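Think of it as A, B, C, D and E in the order they're written, each chain with its own count starting at 1.
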Amino acid sequence: MDAGLVEATNRQKQLPFKAAAGLILLFAVLMVMNFVLNGYYLRIVNLVGINIILVVSLNLTNGFTGIFSLGHAAFMAIGGYTVALLTMPVERKAVYLPDLPSFLAHVYLPFLPSLIIAGLLAVICAYLIGYPVLKLRGHYLAVATLGFMVIINVLIMNFRDITRGNSGLTGLQPYTNIWWTYAVAVITLYVIWRVLNSTYGRAMTAIREDDLAAEAVGVNLVSIKLMSFAIGAFFAAIGGALYGHLLTMVSPNDFSYSMMFGLVVMLVVGGIGSIPGAVFGAVIVTLLPELFLNKLERGIDLLGIHLPQMFGVSQVLMSVAIILIVIFKPKGLLGK
Amino acid sequence: MDVLLEAIELTKQYKGLKAVAGYSVKISRGEIRGLIGPNGAGKTTTFNLLTSMVKSTSGNIYFEGKKITGVRADQIARLGICRTFQNIRLFKNLTVLENVLIAAQIKKKYNFMSVLLSSPSFLREEKHLVDRSLELLETMGLINAKDIKARNLPYGQQRKLEIARALAVGPKLLLLDEPAAGMNPSESTELMGLIRYLRDKFKLTIFLIEHDMKFVMNLCEKIQVLNYGTLIAEGSAAEIQNNPDVISAYLGRAVESA
Amino acid sequence: MLKADNLNVFYDQIQAIKDVSFEIQEGELVALLGANGAGKTTIIRTISGLQKLRSGKITYNGQDISTTEAHKLVRLGISQSPEGRQIFGRLTVLENLQIGAFIKDKKADIGAEIKYIYDLFPALKEREKLAAGALSGGEQQMLAIGRALMSSPKLLLLDEPSLGLAPLLVEKIFEVIQTLKRNNITILLVEQNVYKALEIADRAYVLESGAIKLHGTAGDLLNNSEVKKAYLGG
Amino acid sequence: MSSDYFIQQLTNALSLGSIYALTAIGYTIVYGILRLINFAHGDILMLGAYFAGIIFVQLAMPFPAAIILSMMLAALIGVTIERAAYRPLRRATEETTLITSFAVSILMQNLAMMIFSPQPKKFEIPGFLQTVHTMGNVSFTNMKVLIILLSVVLMVALTIFIKRTKMGIAMRASAENIDASTMMGIDVNAVVRVAFIIGSSLAAVAGLMLGGQYGQVSPLMGFVPGLKAFVAAVIGGIGNIPGAALGGYLLGIGEVLFVGLLPSQFSEFRDAFVFIVLILVLLVRPTGILGIEEDRRV
Amino acid sequence: SGQSNSGETESEGAGDSTIKIGGIFNITGGQASLDQPSLNAFQLAADEINASGGVNGQQIEVISVDGKSDPATTTSAVQELVDVKKVKVVAGLSDSTYVLAAGPIAQQAGIPFITSGATAPEIPDQVGDYMFLAPFGDNIQAYAAADFALNDLNADTAWVLTDTGSDYTLGLAKYFKERYLDKGGKISLEDKYNGASDVDFSAQITRLKNLPEQPKVLFVSAQPDKCGLVVKQLRDMGVDTPVIGGDGYDTPDLVKLGGVPQTNNTYFTTHVSLGNTDGSVTKFVDAYKSKYNKEPENAFAALAYDTMYLIADAIGRAGSDDPTAIRDALLQTDGFKGVTGTISYQDGSRIPLKSVTIMKVDNGNFEFVKEVLPN
């Protein structure tokens, strides 16, 4: 949120035009991409979009409300598994997951309603876990939400009748494409932008700045924090489902530490507490290894010098890059 | 007499120590009341109890005749008791206007759906909130600073902003914890005028803590003196100044009233 | 004893101190006055090495201390009671005082100092074993001053020591300051309580928007009409 | 259930708890001063184990020398990391410092894989440490005895250091308020350095204990114990040294007894158990068992 | 180590002169200890083939990518192999879980995928008709282990400890129990751990020790990085009962990490005995040693080596590098002799029916016990 929110009302008037222009441009770009890019690059474009959804929604809690949550991956898992189970054809379930409880064994839903159900389920979970846990602060909250992630992971690993445990659910329908991804990304951005420019968003930033003072001016800490957490969870779940149906699999490993930290890295690198920052962080942190570092480590001829294969170099360089960015731009690349 | 706030036998026990011990007060509508006492007497704690920022060990609080003991702090604010803090607690990274807007919005009427759709009722309400906040900033003389981040305001203006923010909630009772602290004599004289003006304009009742005796004696119609968590005196400025207990515990010597 | 030449201090882009020069003689009590935000605290922090100088030079007993690290200055005899008190809330009152003597030899006897401070502020003795965070604002202020004295400083920087204190204690603090002066401690005093400060100070500087506006002996300034109008309430 | 059974589980629990406790202390000591969760701590543990192995086997030095030298090397690494990656971020947000330490952790893991190969390596310990004692149905190795004794000795030494020495006092003061500590003449950078030296060298000991107990070292061996130790530190009240030790033992004992006393189908819920305990502790005591309540004074 | 065929020498323009084969391995991260040796051997085989003239007169170009032990990266990497590098065949990976993630990508693109090391027998059915296994299925080796326990060790009571963290260990334990119970054995106790995070098994072992009657054999279904650890902890806590495991044990790490007296009395099923003086085995071991200056770390290296030859064989028989033709030729594979045994994909099954080697650990040495073909 910036000083400009005052002018929000004025801006709203020109907004439909700008927004429409932006959407048309996005549509055109996606159209072209869809046409010229092969499956691999389209997958990257999808990953970028999904990460935008995830990081922007994480930003609402961590950046704007000051809730240091590490639970995003857990909500992604909830979304990923829910949609995988709801959209799996009934015949396939019969052989693939023979021990599925019957209420799950016989349902089959299209993608969209499944996404919405997944989002709502995550919202319910967010309220259940958030109600006790959001009373904690700072790092204590961070570890408690990290614990939530581990607990969800352990549950997934052990309810094998439903989840196939560590093996994950594989061979999912490849529903995710750039249209789904970017439609959801646009909706995510829109919703979060609207929320931030309303009393809810202002209450959230107030909590971030000084929760005691916020309380003193009538902000209901519990309900606003829960709302922020739940909105984040909603989009995390949908992002998780898109992710699963892009990889055509969901497994507990996908929704674990490296995912969680990857998201926080994007958030911090882009600039925490800024929407363009979150988007930028998602884009850059997704593309850098995928388009550059991975190629480098496989051995490459650079300006006539032959660099040998050195697997592991991409992670090393990525870590160094993160450290340097954070040191030289502690507020992120787009941070104010 | 129209009693706005009544506290009966409030007590706050910390481990080894009773910070507030059996404190009672009755404040009538429109009054400016003072609370003084040595450092550590329990003044701030009393404010914390009245605003539910700290849970009382025992005792009861009534506001406009309704019992509000144990009500959550944000609801207390909604009921009309607002405060400032001894150590300024602004939303430092937000602008002056945003600070006020956040407080003003507790009366907003739109719901989540209209936010998403940015419905006409939402826009209308937002505009109304902004207008109301700007008006308040105007009153407080902060209008030119509206887009400055709170952290960048000079200290005196920060104190004023804290008052503005509390006013934006639309309180009936305003609690001020050492509003003149860190101000030089000219600044605190100016503040005195402002507080009187606000009381009249917004029909406020004011309860304040202050160590600046000139300030308290001039402003307050009635003063309570707290020592070791208990009241040792209550009365008009003149009575307090000449009360030997107060002099020995707090004032040191009678203040020459200005 | 302390000499500052053309100090310039910035917070990021914003200049908080503009070409400020002043000096303090050994044994002097100098008051630094100014409205809120004038830059008084910034000057204190700059002298004590907590704030970096953009340009300018500070010498202390002839030694250039412009870039000396803050913790080393304490060993040179510069100590302060900071704005906002900054006491160690989780340590006990006694431990706070002990830490004040951190620079002294481990074996050195600091009992006398502690007793001296308890005599100045009996309230602290009563709360000796209490975590300092539980003290009231005024008690914390006493502790901050007491802690600053524990290192037996030669130059004491006091940033608004009377802030938030009850009248009785304000009197007390000013008495203490005078006692310290008599004991030949050099003091730079920042105060909003302009009248009292000028009563006890030898000289004073008036800061406005980061620059020195006026300076002179305390008596002159007390009678200065500008000072009267701006700081003494007419 | 026989008492042998219980005693056996308890010895298991104590040695695991000792390792957690030593590691947790490192987290806590650094966190206390810098409010930094040093995720790379687990990897320092890993390096400590590798160093000890190399010194003992490749350089054929005596085992006690391996212990001490690996502590020193780990301390050096810890101090270097602090200087290079963390010091510039003293005033950064929680998220920022967290991901920095995470990046450092990834960096160390990958460098270790490149240098030592990703294959786990055998960790040699002197023969007498491998001797198995059996009393009734209870058996344990000398290594386990060493783990428990050495941990206790180190923790007692640390407690004395913190309580009695000036550096200890300086550490407690810096943990509270860095600016104010500077005003007292405390060189906070030196204090931070000491915190990293203590934390890292204890981690090295924990690493070589893990290596000795399980007979192997690998580049990723630090992650899980590091994380558990961190949880232990939080349970105990992060920033609080006795709390870290307490949390470490509680967690070690809780974990082993959870797996040991409940029917085997619960074994897999071990990690969930760890974190459920953590969350429950925090709900009852939001700053851990011995943690001091955060200051919410107005 | 600059391998001649490795990496992207950006020779994509030279296009038709080489046959591109994709190698997907988890070269970094938790899986690296399995996959790095595999990649080495995979490349070694390609070098050998190229040195002897290639296939169909064309050279083989290996394009290997790192899955980083991360399912998302793994699938992304396979997608890149298929879409960008336009490889004709994909091979690699040792862990069934990752194969289940990556396989469908190749399947969708109609590119054959031969896993060098994954052994879960469900894989081909779950992925599709372009998916092949180079090793036998876990059912086969588990059956062999159960038979061996009952008949050769005369152990009719067993303790089963399972790592629930992978398809492989779960499947192996499942098939072992199935066969063991079927043939009249009795399971005294089943216990579990999570290989992804647990390194301390003392609680489970204590529970074992407190069984009223000690089982006669311990079947420990563990991943290679954990089997030595479990055995060591068992012995250190005074349990000397024979241990049986699967092919995950076939790594020098078992002894290195488990310790010498401790690993005695341990048996396992595997693909080949690397200590075998059989010509093809020593040839492989020597070649590996001379190229990488170390012994092949485990049987997965041998499997990957075989996989490359198997692919070359199929391409040769197909006479073209068309993926579908290669797939068809693979299906026809009959009696292909590799280091790890003979591979035939009979009756349309894409899991070879290979004989199982049973090994015994004796003072640190792996000793051949017998070779069986369970039915």
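The rule we apply is simple: a residue touches a chain if its C-beta (ideal position, glycine included) is under 8 Å from a C-beta of that chain, and two chains touch if they have at least 3 such contacts.
Source: prediction; values computed, not measured.
Chemist: Give the chains in contact with both chain B and chain D, ordered by label.
Modeler: Neighbours common to chain B and chain D are A, C.
Chemist: Which neighbours do chain D and chain E have in common?
Modeler: Per touch definition, common to chain D and chain E: A.
Chemist: Tell me which of B-C and A-E has more C-beta pairs in contact.
Modeler: Result: the pair with more contacts is A-E.
Chemist: Rounded to the nearest whole Å, what is the centre-to-centre distance of chain A and chain B, using the mean of the C-alpha atoms as each centre?
Modeler: 42
Chemist: Taking the mean of the C-alpha atoms as each chain's centre, how many Å separate chain B from chain E?
Modeler: So the centroids are 73 Å from each other.
Chemist: Roughly how far is chain A from chain D, centre to centre by C-alpha average, rounded to an integer in Å?
Modeler: Roughly 32 Å separates the two chain centres.
Chemist: Going by the contact rule already set, what residues in chain A reach two or more other chains?
Modeler: Touching at least two other chains: 154, 157-158, 212, 312, 315.
Chemist: Which residues belonging to chain E are in contact with no fewer than two other chains?
Modeler: Those would be 28, 164, 194.
Chemist: Which positions in chain C touch two or more other chains at once?
Modeler: Where chain C is concerned, no single residue meets two or more other chains.
Chemist: Once bound in the complex, which stretches of chain B touch chain C?
Modeler: 14, 16-17, 36-41, 44, 86-87, 152, 154-156, 178, 181-189, 211, 213, 249-252, 255
Chemist: So in the complex, the part of chain D that touches chain A is made up of which residues?
Modeler: It is residues 31, 35, 37, 85, 88-89, 91-96, 98-100, 102-104, 106-107, 109-111, 113-114, 230-231, 234, 238, 268-269, 271-272, 274-276, 278-279, 282-283, 286-288, 294, 296, 298 of chain D that touch chain A.
Chemist: Spell out the residues on chain A that touch chain D in their complex, using ranges where they run on.
Modeler: Residues of chain A touching chain D: 62, 68, 132-133, 135-140, 142-144, 146-148, 150-151, 153-155, 157-158, 212, 261, 264-265, 267-268, 272, 310, 312, 315-316, 318-320, 322-323, 326-327, 330.
Chemist: Of all residues in chain C, which touch chain B in the complex?
Modeler: Checking each residue of chain C against chain B gives 14, 35-37, 84, 123, 130, 134-139, 141, 160, 163-171, 192-195, 229-234.
Chemist: Show which residues of chain A lie in contact with chain E when the two form their complex.
Modeler: Counting only chain A, the residues touching chain E are 38-41, 43-44, 47, 96, 154, 157-158, 165-168, 170-171, 174, 243, 247-249, 251, 253-254, 258, 290, 294-295, 297-301, 306, 308-309, 311-312, 314-315.
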